[in-house]
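Have a look at these structures, which come just after this line.
Presented sequentially are two complexes of chain A, the first with chain B as partner and the second with chain C.
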Partner chain A sequence: MAMIENRRKKSLIALSMVAPFVITFTLFFLYPVVEMVRLSFTDAPLIGPGNWVGFDNYVKLITDRLFITSLKNNGYFILLTVVPTTIIALMIALAVNRLKGGMQALVMTLFFLPYVLPVSVVTEIWAWMLDFQFGVLQPLISLISGKPVAVFKNPYWVMPTVAVVTIWWTNGFNVLLFIAGLRNIPKELYEAAALDGATSFQRFRRVTWPLLWPVTALVLTLQLILQLKIFDQIYLLSQGGPFNSSYVLLLKVYREAFQLNHGGYSSAVATVLFVLIAGVSVLQFQLLRIRRG
Partner chain B sequence: MKYLKTLLMTSVIGLTALPALAQQNIVWWDFLSGGDGVRMKALIDGFNKEHPDIQISGTTLEWGVPFYTKVRTSVAVGEGPDVMTYHLSRAPLGLEEGVLSEITDEDMKNAGLSRGDFFEAPIKAATYDGKLYAVPFDIHAIILYYNADALKGSPYLDDNGKLTGIKTLADFEGALKWLKDNGMETPLTYQTGGDGGVWRVFYTLLKQQGGEFIADGQVLPGDNAAKAAKAIQTMTHWQEEGWAPQQAEYEASVALFSSGKSAFQLNGVWEVPTFNDLEASGKLGFKWGAVEIPPLMGQPATWADSHAFAIPNQGDKTISGEKRKAVMEVIGWMEKHAIKWASAGHIPAYKPVTESDEYKGMEPNATYASLAAHAAYDPQTRVTGVASPAYDAAINIISPAIHGYMSPEDAVTQIQEELQGQLK
Partner chain C sequence: MSPARKTENIILTLITLTAAAVWIFPLYWALITSIRSEERVVSNASLLPDEFQLTAYVEAIFNTKIMTWYFNSVGTAVIVTVVVILFSLMCAYAISQIRFPGRRLLYGIVLASFMVPTQALVVTQFILMHKMGLINTWGGIILPQLIVPVVIIVYKQFFDAVPKEMREAAVLDGGGEYTILFKVYLPLNWGITTALAIITFIGVWNAFFWPFLIVTSEDMMTIPVGITQVNDAFGVHYARLMSVALLAAMPVAVAYLVFQKKVTEAVMISSGVKG
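Entry: the complex of A and B
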């Protein structure tokens, strides 16, 4: 009897400890998600109820050219960012890891600094630097392409440029993750490898890389989720143009809901994005784990 | 929080003066920044000083989609303002969303106004099914600014230093060519790399051909497509000849004119105070003027819109009774003091002000006031107007087209495809 009581008491304590999380999660995540899915089956405006229309919104999505374009652009942006940003972060981390003491702290801070800035500041900085009329980076662009380019108004330049801005902005965090991962690798392994006469490339290939793989998988997955949700930079730098060449799913969600008062339809797009993020990231993480095994 | 505020309010009022108990506090939202904002704040201060019994507390919010979204969401929960500024071109979506409350004849009487006091175009843009949903405050349009000093020695300036002899597109392009030949790098400036500037010039050129952007629920139907293509073709031509700046953002486009690098500027009347102020402080360095845009494509027409006052429809919480009367009194006072607003470049929609001697003495405002008769408002649809999909199309399709990325015909097709589906 006493045991049972004890167990009940324990579970009560446990419950009270997880309750704050469960409540917040339900209220601010689960409920909105359920609402979003429900709305996606209605013709609701931005605010207020709508009529049940079944799968109409989803059927409309398939024929919506702009939706297909957004989907493609999201894919393109992922290609441009996820793997490059991971490789760059790894290289920076390896380099920073060789530095010592104060110098290392300083360099780490410098790489992390952009991550602290709000997106509006980041986009403003780059918009100024790349301004067609007065931008300080235009001479550099002229070197590459022979003439100044209005990067955010050129269908070929816009996505790669937004990718560069995004990588510059967010990479500090990935560097930090990699450095943490590097520090977790026991020094003895390197010493043993050195004793066995392993070259530095062999040490990287046989010690660092396998032991760093979990962190790499994490960074890749986090980046995938983050970059699928691309919105702010596009909204502030190119508004989806020119010719919709930088139109992405979240911009579509925003425009449909807030500009056109289509709450239901916009929820359908959001639901697709949600499923896409959940599906793709789980899939990728599993694949990366298999490879590791 | 609200209770606390009320409590504080009442105690403060109770402590200061008893008669103030009857005071009406009007919550006012606008989206007016820059010179517009300064002038509107001065008007609000002026009103507050004259009316101890009605006090306006104003908040300025971000222009465009953010403003209209904020109105939409706050009104839904009854936390909207008592009165707000609204673009008439945005009224169709406002009506669809149900955020505008009808301004009745009685309201107008309380404001000391009547519909007949206003120019026809803005009243029409504020009226749906015979009901008025906003009180127009101004007409703002784009005009043709010119640098008289730069045109010296050309046939386009009369003995008084005023622009002359530009009646057709050929005349205008002749002047641009003359300027280019005489060493001016960018003879004509407008915002070529932004939505607003591109849309306004495009729409003006379309309307000057008698074109309709949307008719019978169709985007650019029939020969309107050809007219739209011609408008884009004209803008492309200016670009190709190097007459107009490449990808100029708004500020850069204004700077080109104020620094004397462009002799012509197509831009809104709202920049008039900029050049007036620069001139007054002796920083402009040249004589300038502004006229209604000549009928370049055949007939006179100019893109225009209006700022208006509207009362949000908040269901049970929509203001009524004494508060509503007070708000209408505010609107009436603003209309009658619109001469101060005219100094921001706008043409007052309230005719008694525009017809006053004081207004007629204002330059260049009085010169371009003629455009009120040719004001072409955006079509009354959900996809046109400020911060609408039509503006998106301007930056997304028309602007790249005039920079040579796409033929005018293809651009028109893409505009049709893009907007037609959103019209529903």
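Entry: the complex of A and C
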């Protein structure tokens, strides 16, 4: 009897401890998820009720050229960022890792600092550097293309430029993950390899690379998820233009809901994005589980 | 070390330093621009600092609403950080230390929600905030940002690692669960608590998309949203624009430089790669 009472008391205390989180979570997270799915089957405006329309919104998505364009642009942006940023981060991590003491700390700081900046600070600095008339990077662009380019108003330059800005801004995080991974590799392995007379390249191929693969998989999938969600930089630098050449899924969600007042249709786009990202997350989870055995 | 290895080493170090200098150049350039006069900014593109004046900063501080935006950012970021840490601390402790029904399910939900993109939820979150009458308020900025499942996940892992004897001793001393949490488990985990608090704070401080949606009045804007208004209001005044940008970046940059070790530690721990 006393034990049951004790157990009940324990459960009540536990309940009081999890309640604050569970309540906020249910109200501001779970409920919006359910509502998003429900709304995607209606023709509701942003504010106010709508009629149930079944799968109409999803059918409409298939023939919506702007939706197809944004899917393609998301894919293009992923191509431009995910693998390049991983390679660059690995190279920086290897370079930083061989430095020592204060020098290492300084260089690490220089590479990591952009990561803590607000996105609008980042975009303003780059917009200034790439200014068509006075931008400090325009001589460099003239060198490549023969003339100055208004990069964010040019359909060919816009996505690669946003990709460069994004890589610059976020790569410190990946560098850090790689450095942590490098530090986890036992020193003895390198000593043994050195005794066997391995060259630096062989040491990288036989020791560093295989042991670093799990971190690489983590970085690749984290980047994939992150770049699927791109919005801020695009919105601040090019607003999806020119000619929709940088229109992405989340921008579609935003425009349909907040500018065109299509709450239901916007929710359908959001649900697709949601499913895409959840899918990649499951993939990541599986990859990491395999690695931990 | 052989002379060949030594030369290789020096060359590699030089390459690394050059790359780091190129990497930080945008920030250097913003700084140089911000201490020039507007005329100099567009007439003379010297890469070296050739002028030092704080006019742009004075104008930024007195002629924009940056101080109001600072206040909103500090207020909302502090509240979110404190609440997230407190709620997660309690929730993680219960999941880790108390056997209660539904505990595994709850942790499963927390883990699953970690994978969900909150960006996809902005429309329905906005509608909810509208229903609650919280558009253009601190409450509207704060509430949806209170969900940071990773903090619970990290806390749970750390609580799981606390030796069972600590808890048993505290129970024998007659301590209730709240006493044990705040007198034993929290002090034992101060390190990770500060680390989590700092990355939560930086995350909220830098948040753009949600505050941008929920706030339309200039007086309620946070720093990352507010500074985008300066552009519209003044056209191309790059010295002022850069001084505003640097003022906006200052708190997080300083926080990072001061708590560098904690920040990097927190990033590594929260992504599951312990260094």
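The working rule: the second predicted complex is superposed on the first by the 251 of 293 C-alpha atoms of A that agree within 3 Å, B and C clash if a C-alpha of one lies under 4 Å from a C-alpha of the other, contacts with A are read in each partner's own complex, and residues count from 1 in each chain.
Throughout what follows, a residue touches a chain if its C-beta (ideal position, glycine included) is under 8 Å from a C-beta of that chain, and two chains touch if they have at least 3 such contacts.
These figures come from a predicted structure and were not determined experimentally.
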Is A:93 contacted by the first partner chain B, the second partner chain C, both or neither? neither
Thinking of the overlay built on chain A, is A:242 touched by chain B (first), by chain C (second), by both, or by neither? first
Look at A:47 in the shared chain and tell me whether it touches chain B only, chain C only, both, or neither; answer first, second, both or neither. both
Regarding the shared-chain residue A:231, is it in contact with chain B (first), chain C (second), both, or neither? second
In the superposed arrangement, which partner chain does A:258 touch: chain B (first), chain C (second), both, or neither? both
Would you check which partner chain A:136 touches, where first means chain B only, second means chain C only, and both and neither mean what they say? second
Taking the superposition on A as described, I'd like to know which of chain B and chain C A:268 touches: first, second, both or neither. neither
For the overlaid complexes, name the partner, chain B or chain C, with more touching residues on chain A. C
Both partners, chain B and chain C, contact chain A at residues 46-47, 131, 133-134, 258
List the residues on chain C that touch chain A in their complex, please. 9, 12-13, 15-17, 19-21, 23-24, 26-27, 29-30, 33, 41-42, 45, 47, 86-88, 90-91, 93-95, 98-101, 103, 106, 109, 113, 115-128, 130, 143-144, 146-147, 152, 176-178, 181, 202, 205-206, 208-209, 213, 223-225, 227-228, 231, 236, 238, 241-242, 245-246, 248-249, 252-253, 255-257, 260, 263-264, 267-268, 271-275
Parts of chain A lying in touch with chain C, wherever the complex brings them together: 10-11, 13-15, 17-18, 20-22, 24-25, 27-29, 31-33, 35-36, 39, 46-47, 92, 95-96, 98-99, 103, 105-114, 116-121, 124-126, 128-129, 131, 133-134, 136, 168, 173, 176-177, 179-181, 183-184, 215, 218, 222, 225, 228-229, 231-232, 236, 250, 253-254, 257-258, 263, 266-267, 270-271, 273-274, 277-278, 281-282, 284-285, 288
Mind listing the chain A positions that touch chain B in their complex? 45-48, 64-66, 131-134, 150, 153-155, 239-244, 255, 258-261
Mind listing the chain B positions that touch chain A in their complex? 65, 69, 72-73, 76, 93, 96-97, 193, 195, 245-249, 252, 382-383, 387-389, 392, 395-397, 399-400, 403, 405-406, 414, 417-418, 421-422
